[in-house]
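Note that the chains are named A, B, C and D in the order they appear, and that numbering of residues resets to 1 at the start of each chain.
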Amino acid sequence: MRIRTFGRHLKEGTKNIVRNGWMTFAAVSAVTVTLLILGVFLVLAMNINHIAEVIENQVEITVELDLSIEESQISPIEDQIRNIDGVKSVVFVSKEEGLEQLKERFGEDAYLLEGLEEENPLNDIFIVKAYKPENIDYIAKEITKIDLVTGVDYGKTTVDKLFAVTRWIRHIGLIFVVGLSFTAMFLIANTIKITIYARKREIEIMKLVGATNWFIRWPFFVEGTLLGILGSLVPIVLIVFGYEFLLEKLNSNLTLSFFQLLPLYPLAYQISILLVSIGVFIGVWGSMMSVHRFLKI
Amino acid sequence: MNYMIEMFNVWKTYPNGVYALRGINIKIDKGEFVYVVGPSGAGKSTFIKLMYREERLTKGKIFVNGFNVERLKERQIPQLRRNIGVIFQDYRLLPNLNVYENVSFAMEVIEAPKKTIKKRVPEVLELVGLKDKMAALPNQLSGGEQQRVAIARALVNNPAVIIADEPTGNLDPETSWEIMELFEKINFRGTTIVMATHNKEIVDTMKKRVIVIKDGKVTRDEYRGGYSYED
Amino acid sequence: MNYMIEMFNVWKTYPNGVYALRGINIKIDKGEFVYVVGPSGAGKSTFIKLMYREERLTKGKIFVNGFNVERLKERQIPQLRRNIGVIFQDYRLLPNLNVYENVSFAMEVIEAPKKTIKKRVPEVLELVGLKDKMAALPNQLSGGEQQRVAIARALVNNPAVIIADEPTGNLDPETSWEIMELFEKINFRGTTIVMATHNKEIVDTMKKRVIVIKDGKVTRDEYRGGYSYED
Amino acid sequence: MRIRTFGRHLKEGTKNIVRNGWMTFAAVSAVTVTLLILGVFLVLAMNINHIAEVIENQVEITVELDLSIEESQISPIEDQIRNIDGVKSVVFVSKEEGLEQLKERFGEDAYLLEGLEEENPLNDIFIVKAYKPENIDYIAKEITKIDLVTGVDYGKTTVDKLFAVTRWIRHIGLIFVVGLSFTAMFLIANTIKITIYARKREIEIMKLVGATNWFIRWPFFVEGTLLGILGSLVPIVLIVFGYEFLLEKLNSNLTLSFFQLLPLYPLAYQISILLVSIGVFIGVWGSMMSVHRFLKI
C-alpha cells in the first residue's frame, strides 16, 4: 500500500463516521452504554476484591505459650516464628496485657473479672499475621511444632467460613465480569454488524468497481477504531469522576469510613486503558468480521 | 487468446432454477463494438454479469482480457475488474458519496496519483454533461443524471473493455446520442465495447455487430446488423 | 374543480438550491392521456412527484382528483395516493416481498377482500406478462421484469389516474408497445394517464397531448403533438 | 380496522420475523443477552436484599430488669412491652439462664466465672424482637419508660453501622438494577432502531403506495412483540435452571449453608413475568419509535 493510499483510508474512515451520522451515533451510543456498565462493574468487582482482601488480612494466629515459660525463652521462640515462610509480623502480648485487653472487651461487665490479677490464669501469647491469608493454615501448623507452644488458634471454623464467603464473592464477581465482558463484546459487535449490514450494497459496489478486499477494509478499520475511542470517552469520564465523588462522599461520612475503597489512582488509569482497549478492540474486530461477510463477491 | 472476450458453451442456472443462459458461444475481438439485444428477461444482463464475475457460470468457460474468469483466484478478481468499465443497469452509485467522489472512487481503487484524479474526474464529468452537479449526492439527481454518473465512472480509467447494460435507458434521445458518439470515439481509440440495449433507433442507425439473445440462447450474430430480432 | 390535475404557478426548489420547477401552470382533464417529455434533468420527475406529494412544492397550488395537495392533512394523504397509480422511475418494489405479494400489497392497503385480491393479482400479472414469475423476489428479476411488476402494481386497483415515470425505460420495443396498448385500453375506459417518457417512437406514433418541460418550465403543450422539443 | 386486516397484520408481522432472518437474529440475540444480564442481576439484587433483611431481623433489644424485682412483677412488664407497636416477640431470660448462656459463650474460659452462682451478679432480662428493624430505635425508647426497667441495650452503634451498610448495599443494588434496566431498554431499542432503519425505504414505499400509518405500524407491532418474547425465552430458561442448580449446590455444601437465598418459587415466576414484560415492552416501544421516524412522507 502506498502512503497516499494509507492517507486516503484514514480520511475516508473519518469521513464515514460523519457520513453515516445516524448509524454512527447508534453504534457509538451502544458502545458507550455497554462500556459504562462494564466499567462500573469492574470498579465494583475490584473494590469487592480489595475489601475481601482487607478482611482476610485481619485474620491472625494466637500462639499460647506454656505457663511456666521464662522471660529469656520468649525471644528465641519469636525468632523461630519469624523464620517461618510467609509470616508478616509477630507481636508479643504478656499475660498482664492480655488481662487488660480482656477487661476492655468486657466493658461494663469487667467487674466480673476483678480479683484475677493476683493469680492471672491467662497465658503469654504471640499474635502472628501472615502475608497471604491462604498461608495461615500452613503457618499455624509450623508453629505447633515449636517447643513450649501450648496452643495455636486462629478460629479455624470461623476463618474457613470467612474464606469460603470471600471466595464465593470473588467467584461470583469474576463470573459477572467475564460474563459482562463477553456480553459487551457481543452487543457491540452485534450493533456494528447491523450498521455495516446496511452498507452491504456499498461494499458490493466497491468490489465490483475493482477494489481489493484490503482497500475496502482499511476505512472500516479506521472507522472501527474511532467508534471504539468515541464510545469509551463518556464511560471513562463518568466512571472516573463518579468514583472520585463517591470516595469524597464516603470519606466525609463517618459511619461509612470503614468502607476501605481503592484509591482513585491508579484505578482511574487502569480503567481508562482497559475501556479504551476493549472499545477499540471490539470496534475493529466487529467491523472486520462483518465487512468480511460481504467481501465475497 | 487473441480475443477480448470468449465464451465456450456457457450455461447459467440461477439458484431458484431459472435457466438464464443455455449454451452461449461467442467471440468478441479487441476493439469491437457489439450490441446485445433481445426481449426483456432474455438473459442479456446475465450474459454481461458473467464477464466481470458478478455471477458465476454453471457450465462452460469464459475468457476476458486473457483471464480465465471462472478459475480466477480471489485476489485476481480486482485485476480483472480494473480492466473492465461496467455501466450497471441499475447504476449502483455509492449513496454516501457525491458525484465527484463516486467517479474518483474508481481511480482511487487503482491507486492513481491524486493529481491525475483531480484532473481526470472533472474532464469525464464534462464529457457526460454533469460538470455542474459534482457536489450532488446520487439521491439528489434525476434518473438520467445518475445514469450518466455511472457512465462517467466506467470511462474514467480508460479500461480495455466497456460493458454497458442499457446505458441510455433513462436518457432522452439527444443525450443518448451524445453518449453514443462518446462511445464511438472511445471505441475508435481501441476500446472494446459491449452494450446491451433496447434502443432500436440507435442500433439501426449506428450499424455495428448485433448479438441477439432470446431465451438464453444466441439466435443471431450479425455484423452491421439491425435491431429487429423477430424472424 | 372539473379537472383531474391542476397546477397554478408551481415552483419547486430543492433544499440544496436546485430550481427544479419554475412556474408551472397546467390543467389535465379527466380521461386525458398526456406525455411529459424533455431533456434529462428538466424537471419531469419532480413535476410528477408533486402530484402524489412525494415532494412538497415551494410555491403555488396543486389540485389532484379534487384534493388540494398542499393543504392535505396527514391522514388524508393515503386517500389521495389510493386514487393514483404511480409507476416510479426506479420501480420501488418491496425487496422482501415476491412479485405476487408486491402487487397484492397495494390491494391489501385499501382493505380489499381476500377473494378479490386472489382473483385480480394474477389477472394483472398476466397483462404485463409475468404470470410465471409470481414467486420471484425483485432481486431475482431482470430490469424489465421489475419495471413490469411496478406497472402491475400501479394498475391493480383501477385508480382514477395513472402517473408513470418512464415506464418503458428498461423494456424492449415489443414489450413497450404491449404496455402502451394496455395503457391506451385503460385510458379508453376513462383513466387519466400522465406519462413521462424519452421514447420518441412511442410519442410520435401514438399521438396524444404532449407537455414539454425544459429547465423547469413548460415550453410547449400540444394536443396530438410529436416528441421533438427542439425549436 | 376490519378483522381480515387484523389477521393480515398478524401474519405479516410473523412472516417478517422470518423474512428478515439475519436481522431478526441480530435483534433477538441482543434482547437475549441484555435480558440475561438484567435477569441475573435482578436475582442477585433480590437475594442481597433478602440476606440484608435476614441479618437486620437478627437485631434484638436486651431489656434489663431491676435486681430487686419479684417474680409476680415480671409478667405485667412483659405485657407492657408486648403492647408497644411493632414488637414481634418477647422472651424472658432469668438471671440463672443468663449465667448459663454466658458460660457457654466463654467456652474454654468458663472456669473464670466459677463461683458466681452463689451471688449471681446478673439481671433478669427480656430479649425483644421487632417486626421491622427500622422500628428498633422507637421500641427501645418506649421500653425505657417502663417501671423497674433499669437498662435497654441493642448495641446502638453496631446496629447503626450495620443498618448503614445494609442501606448502602441496597442503594447500590437499586442503582445497578435501575441503571441496568435503562441500559437494557436503550440497547434493545437501539438495536431494533438500526434494524428498522435498514427498512426505511420499505416503509417509504408502503406510504407512497397509499398505506396509512397504522397499516404500516401493525405488523411492526406484532414483530416487536414476537422479538421481545423470543428474546426473553433463553434468559428465562437459563436463569431459572441456573438458579435451581445454584440452590442445590449451596444446600449440599455445608460451609455455605448459612447463605439464606430466596426459594426458587415464586422467584422463578416473578423473574419470568418481569423479563417477558420488559422484552415485549421494549420490543414494541423500540419498533414503534423507529417506524415513526420514517412515516413522515
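Assume contacts are C-beta pairs under 8 Å (C-beta built on N, C-alpha and C of every residue); 3 or more make two chains touch, one makes a residue touch a chain.
The structure displayed is predicted, hence computed values, not measured ones.
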**OP:** Go through the assembly and pull out the chains touching subunit B as well as subunit C.
**Re:** none
Subject >> Inter-chain centre distance, subunit A versus subunit B - centres from mean C-alpha coordinates, in Å >> reply: 62
**OP:** Would you kindly tell me how far, in whole Å, the mean C-alpha position of subunit D lies from that of subunit A?
**Re:** 25
Subject >> Centre distance in Å when subunit A and subunit C are each reduced to the mean of their C-alpha atoms >> reply: 67
**OP:** If you connect every pair of chains that touch, what shape comes out? Choose line, ring, star, complete or other.
**Re:** ring
Original post:
When you check every pair of chains, which ones turn out to touch?
Top reply: A-B, A-D, B-C, C-D
Subject >> subunit C contact footprint on subunit D (complex, rising order) >> reply: 2, 4-5, 8, 16, 19-20, 201-202, 205-213, 215, 297
**OP:** Give every residue of subunit B touching subunit A within the complex, in rising order.
**Re:** 52, 54, 74-75, 77-78, 81-82, 86, 88, 92-96, 105-106, 108-111, 113-114, 153
Original post:
Along subunit C, where are the residues that touch subunit B in the complex?
Top reply: 14, 16, 18, 37-41, 44-45, 89-90, 136, 140-145, 148, 165-166, 169-176, 198, 200-201, 227, 230
**OP:** Report the residues of subunit A in contact with subunit D in the complex, numbered from low to high.
**Re:** 22-23, 26, 29-30, 33-34, 36-37, 40, 44, 111-113, 116, 121, 160-161, 164-165, 168, 172, 176, 179-180, 183, 186-187, 190-191, 193-195, 197-198, 255-256, 258-259
